[in-house]
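Chain lettering (A, B, C and D) follows the sequence in which the chains are written, and residue indices restart at 1 in each chain.
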Amino acid sequence: MTDRLLARRGNLTRWMGLALVGFVVVMAAVSFVWQPYGIEAIDPTNTNTGPSVDHWLGTDPLGRDIFTQILVGSRTTLFVGVVAVGIASLIGVPVGMLAGSSGRWVNETVMRAMDIVFAFPAVLLAIILAAGFGGSTLTAMIAIGIATVPVFARITRAATLQVMTSDYVLVARSYGRRGVPLMVRYVLPNIASVIIVQASVAFAIAILAEAALSYLGLGTQPPTPTWGRSLQEAQTYLFINPLLPVWPGVAIALSVLGFNLLGDGLRDALDPTLRER
Amino acid sequence: MVVALLEVKDLTVRFGDDEAVRGVSFSLDSGVRTGLIGESGCGKSLTALAILGLAPTTATVTGSVRFEGEELIGRPERELCRLRGNRLTVVFQEPMSALNPLMKVGRQIAEVLEVHDKAGRGEARRRAIDLIEMVRLPDPSRTAHKYPHQLSGGQRQRIVLAMALAGDPALLIADEPTTALDVTVQADILLLLDDLVRDLDTSLLLISHDLSLVASLCEELLVMYGGTIVERGRVSEVFARPLHPYTAGLHSASSLEHSDGTDDLRTIEGSVPPIGQFPGGCVFRNRCEYADEVCLGVPPLRVPPGEPHEVACHHPVSHD
Amino acid sequence: MGRPMTALFRGVGITRRFRLPRRSLLEPVESLTALDNVSIEIPTGAKFGVVGESGSGKSTLARILLALDQPTEGEVYFDGRIISGASPGELGDLRRDVQVVLQDPRSSLNPRMRVFEIIAEPLRSLGVAGDERGRVLELLDAVGLSTASMDRYPHQFSGGQRQRIAIARALAPHPRAIIADEPVSALDVSVRAQILNLLQDLVRDFGLTLVMVSHDLSVIRYLCDYTAVMYNGEIVESGPSERVHENPTQDYTRRLLAAIPTMDGSLLERVRAVEGDDREGEHDET
Amino acid sequence: MRPYLRWGALSVTLYLLRRLGIFLLSLVVASILAFVLLSLLPGDQAQTMLGVNADPEALAQLREELGTNRPILTQYTDWIGGVIRGDFGLSRSDASIGSEIVRRLQVTLPLVISGMTLATIIAVPLGTLAAMYNRRLPGTVLSVASQVGIAIPAFWMGIMLVTWIAVRWGLLPAGNFPTAGWAETASAVRSLILPVTVLGLAQGAVLMRYVRSAVLEVLNADFVRTARAKGMTLGQAMRRHGLRNAAIPVVTVLGLQLATLLIGAVVIEQVFSLPGLGRLLLDGVGNRDIPQVQGIVLVITGLVLFINFVVDVLYRAIDPRLRASA
C-alpha cells in the first residue's frame, strides 16, 4: 500500500545518506590511524601530477599528496559540523521550548531576538569575529553555530507550541504535571524527531558554510588541511592542473548530499506526518 | 424501460494490492433520494470519489459507472469535466477548507457558470448573488464580496451548496455534508437541502454515518461495510426489519433515545479492521455472532425468500 | 456515600472574557465573552450533563472546573474549598479527586509513552503510593483491555481502545469525579455504544460524580440525570434530564431538541414546526 | 458578532505601524550589536595602524584623532548620527566609506537580484513539476537533481566553470567586472553572466524544494478538489486557485534567500573577483579598517532586516485572512 511504498523510498534515502555519512566518518577515523603521506610532506620532484599508483589522486603544486589532504580534511569538516550544530541546538532548542511554552511577551521577545540574530548570517559573523580574532577553526564553529541558532529556535518553538496545545498535555496538567517534568516527559520526546531531522540538515549547511569560510581564508588556517582551502589553493593553479579543484569539491558535495539524504530519510522514518515534505 | 440515472456495476478501488472498495453495484433512479450508510473506513467516500472520477492518483479504479446512459470510467478528463459541476455535482464534508481562502465567495460561485460557459463574467456574478439568496444567506450582494474566513461553518457550507446547485444538476452527491456542523446549524442546512432538491428536481445521494440523518431525508438506503454493500432497500423496510447483523447492530446502537440508560445498549463486538485486513468471504465474519463455515464464501447481494429487500448475508436476521 | 449531599462543584457568577487582537487604533480592544455570569451547582454523586453547541462556552466551563483556566469574574468551589484563583499549592486534593476524559482519542494520549506509563503517570505525578503495576493491570481489566496492551504504544490501538485507555488513566488515582468533554463524539456509532456502556458501569461501580459536556443531547439524556443547556456563554435552562427533555421551558432548548435527527425520520417536520414560531433566519456564531 | 470590520485604512495602518516599529527597533539593536562587537574586539585600531612597538605618545595622539578613547556610547551616537545623514565617515585610506559602499552595491545588488530571478525561473516550473509527478519517475528524478544541486557548493561550481568555460575555452570572461563599472555596460554584463548563472543554479536548487512542498500541499488541499468538482481540469484548478496559495510560502523563502545572499554572495565575488560589497568587507577585515567594517556590516544587516520587513508585509497583503488582524 502507499505507506509501504513510501517507507521503502524513505529507507532508500536513509540508507544512501547513512552510507555517505559513514564514508566521511570512516575517512576521518582512518586519518588518525593512517595517512599515506604526511600532510606537510612536500615532494618538489613531482608536483601537479595526475592520479597515479602511489598518489591515488595525484599531487598538488607543492608536491603534497592530494588524497591525504582530502582524508585529513574530513576531520575538520566533521569537527566543525558537530560543534556548530551542537552550539546551535544547545542554545536554540531550550530557547525555542521556552518561547513555545511561555506567555505572549516571552514568545514575542524571543522571536524578535531571533530575527536580529538572523540579520547576521554565518559569513557575516565569521567576518566580524575574524576582524577581531583572525580566521580560525574556532571562528568558523562559533559563527556557523550562532547563525544556526534561529533555525533551531524557530522549529523547536513551532513543535513545542503544537505539543503544549495538545489534549495529552491538557490532561497531564489536570493531574498536576507542570514546569520542567512536563517539558521533559511530554514536550521533549514529542519534538525530538523534528530536531533530529533539523540537525542532520543543519549539519549539511554547516559543511557548506565551513568550506566557504575556509575558501575565504576565515576558517581553519594552514597547515591543518580543509577542503575549502584546498579549493582556494587549487584556483590559483587552474592553468596547470585543472583536475586539482575536482577532488575537494566532490568530497564536500558527497558529505553534504549524505547529511541531506539522511535528514530526508529520518523525516520519513521518525515522523510519518512530516512525510510529504 | 427508462434508463436509470446512475448505474454502478462491480466498482472496485484498489491501492496497490489492498481493495478499499470491492465490487460495489447499485443504481439510482431520477428523482429518488438515496442514503449510503457506513462507518469510517467502509469505503463510502471513496465510492463517491470514484464515481466522480476524483479518486486519488495512487488508486486504481475498475468496473462500470454509467451516468445518464454514458460510461464514465476510462472517459477522457476533458469530457468528464463537462459533466462535473454541471450535471453531476458534489458537496464535501469539511466547509472550513472547501473554499479558496484567497478568493471572494461570490467569485467562487460565479466560476461554476463561467467554466461551463453558461454565463459571461458579469451575468455569472449577478446569478451568483441570486444563488446566495437561494441558500438563504443574509444580504447576498454584500456576502458575495466576503472571503471564506469571514463566514461561519454553516454559512460556508451554504456557499458550497450554492456552487453545487448553480448548474442545475441531475444528481447531487452530498458526502457527510453536515458532520462538521453544530446540530441546530445542521438542521437548517438539511431543511435547505430538502427544499432545494425538491424545487430543482435533483436526485440526491446522501453519504453519512448517521442512520437518523438518512431516515430524515432519504427514501432508499444502501448499507456499506468493508468496501461492499451488505444491505439495500427502502429506508422504512430496512429500519423495520434489518436483515444483516451489521445493520441490526448499527440500528440499535443509533437508537439511544429509546433506552432509559438502565440496561446496556446492544453493541457490535470488536472494531473495524484497518484496510487490507478484512477477513476473506463475508467481510463482517470476524465480528458476527451467527458466523459459521458457510460464511467463508462471499455472500451475494440478493432478496432472501419472503423478504422485501436485498441483503448480502448467508444467515439473514429473522424477525418472526 | 456517608457525606451529606454538599455540592461537589459550585460556581457563582462565573464570567470568562478573552481579549481579541486589537483591530484598530481608535476603537478599544474588543473581547469575546465565553462565559457570562454562569452559576452552577453539581451535587456529589450526580451525573450532570452540560449540553451546548460550539461557542456556547461548555468547554471553557469544563476547564474552569478543572482549574486549568481562571474565570475573569466569579468563584468556583470544589468540595467547599475555593479553587478559582488558587495557586497550585492551594488546590488541595483537586488534582487527584477530579480527572478528565477528552474527545479525540487520537490526540489525548502521549504518542511517545507506552500504555503502562500513560496509565501510571497520574499516580507518579500525584505521588500516590502503592503497587503501581497491580493498579495498572486492575484498571486495564476494568476497561476491558488485555494485559498485553500494557507495553504497546497508542498508535497501535483503534479509536475505541484508545478511549478505554484514557478512561483507565482517569480512574487511576481513585478520583471522586470525572469531567468528560465530548467523550464519544469522535467515535463511530457502534464503538460509541461500547464506551457509553463502559462509562455507565464504571461511574456506578466506583460511585463517581460525572460531569459530561457534549453537543449531543441524546448522549447526555442516556447517561446523565441532570441537564444544563448552554447558549452563548449562559446557562439558559437546567434541571432533571427527563423534565428538560419532555417539556423544555426555553425556546433555544426547544430548537435544540427539534434539531436532533431521530430514527423515525421526523426531523424536518419538527424543525419546520419550531422554525415556524421564530423565523430567525441564520443565527450561527462565527 | 458585529458585522465584520471592512479592511479599513485604520486597521491596515495599525498593522504597518507595528511592523515598522519592530523593524526600526531591530535595526537600532543590530547597529548597536555591530558597533559594540567590532569596537570591543582586541587589537585596538591605533595599535594596528602604527605597529606593535609604536611609541606611546604617537599612539595616544592617534587615538585622540580617531576618537577611540572616548566612551563607547558617545562613539556610537556620533557614528549613528553620521550614518543617518549618509556620512559613514572615512576609511583608513581616507576614502568616503559611504560612497565606496554605494559603488560596491552597484555590483552586489544586480548580481544578487538577477541571480535570484534566475533561481525563480528555474525553481518554480521544476518544483511544480516535481510536485505534480510526485512518487512517479519524473518527480523522483527532479527531487534527486535538486538534492545534488544543493550539495554542490556554489563556489566550487564557480571554479569549475571558470576552469573550463573561461580559461580553457575562453567563451566568457572569468568575472573581473570592468573598473569603469556600468559605464561599459556590455563588458559589465558579460562579466556577470557566469556568476549569475552559478548563483541562480545554487539558489534555484534550494528554492525548488520549497516550491515542491508548497505545490504538494496545495495539490492535496480540499479547495483544489472542490475546484475540480466544479468542472475544472487539474491544470485549470491549479492555475486559478492553486498557484496563488502556493505563492505565499514561496515568497517568504525567496525573501529569506535574498536576504542571506547579500553577504552570502561574497564567495562568488571572490571566485569571479567581482568588486562587490562582500569583498570590500573582506578587505576591510584584512587591514583592520574597523570604521569601514562597521559601516558595511550596518548596511548589510539593515538591508536584511528591510527585506524581512517587506516580505512580512507582502505576506500579509496576499492573504486576506491576515490582512485585517494586527
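As a convention for this text, contacts are C-beta pairs under 8 Å (C-beta built on N, C-alpha and C of every residue); 3 or more make two chains touch, one makes a residue touch a chain.
All figures in this text were calculated on a predicted structure; none of them were measured in a lab.
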| item | value |
| --- | --- |
| Chain pair with the higher count of C-beta pairs in contact (B-C, A-C) | B-C |
| Centroid-based (C-alpha) most distant chain relative to chain C | D |
| Separation of mean Cα positions, chain C and chain A [Å, integer] | 48 |
| Rounded Å distance between chain C and chain D, as computed from the means of their C-alpha atoms | 52 |
| Centre-of-Cα separation between chain C and chain B, whole angstrom | 32 |
| Per-residue multi-chain contacts in chain B, two or more chains | 58, 150 |
| Sites on chain C at which at least two other chains make contact | 285-286 |
| Junction residues of chain A, two or more chains touched | 2, 5 |
| Residue ranges of chain C in contact with chain B within the complex | 53-54, 158-161, 188-194, 196-197, 200-201, 215-219, 221-223, 255-256, 258-268, 271-272, 275, 281-286 |
| Chain B to chain D touching residues, read off their complex | 52, 54, 58, 77-78, 81-86, 89-90, 92, 94, 97-103, 111-112, 115-116, 146-147, 149-150, 160, 163-164, 167 |
| Chain D residues within the chain B interface of the complex | 4, 135, 221-223, 225-234, 236, 240-241, 244-245, 318-321 |
| Of all residues in chain D, those that touch chain A in their complex | 22, 25-26, 29-30, 33-34, 37-38, 40-43, 135, 140, 147-148, 150-153, 155-156, 159-160, 162-164, 167-168, 213, 216-217, 220, 259-260, 263-264, 266-267, 270-271, 278, 281-282, 284-285, 288, 290, 293, 297, 300-301, 304-305, 308 |
| Touching residues (chain side chain A, partner chain C) in the complex | 166-168, 170-178, 181, 185-186, 189-190 |
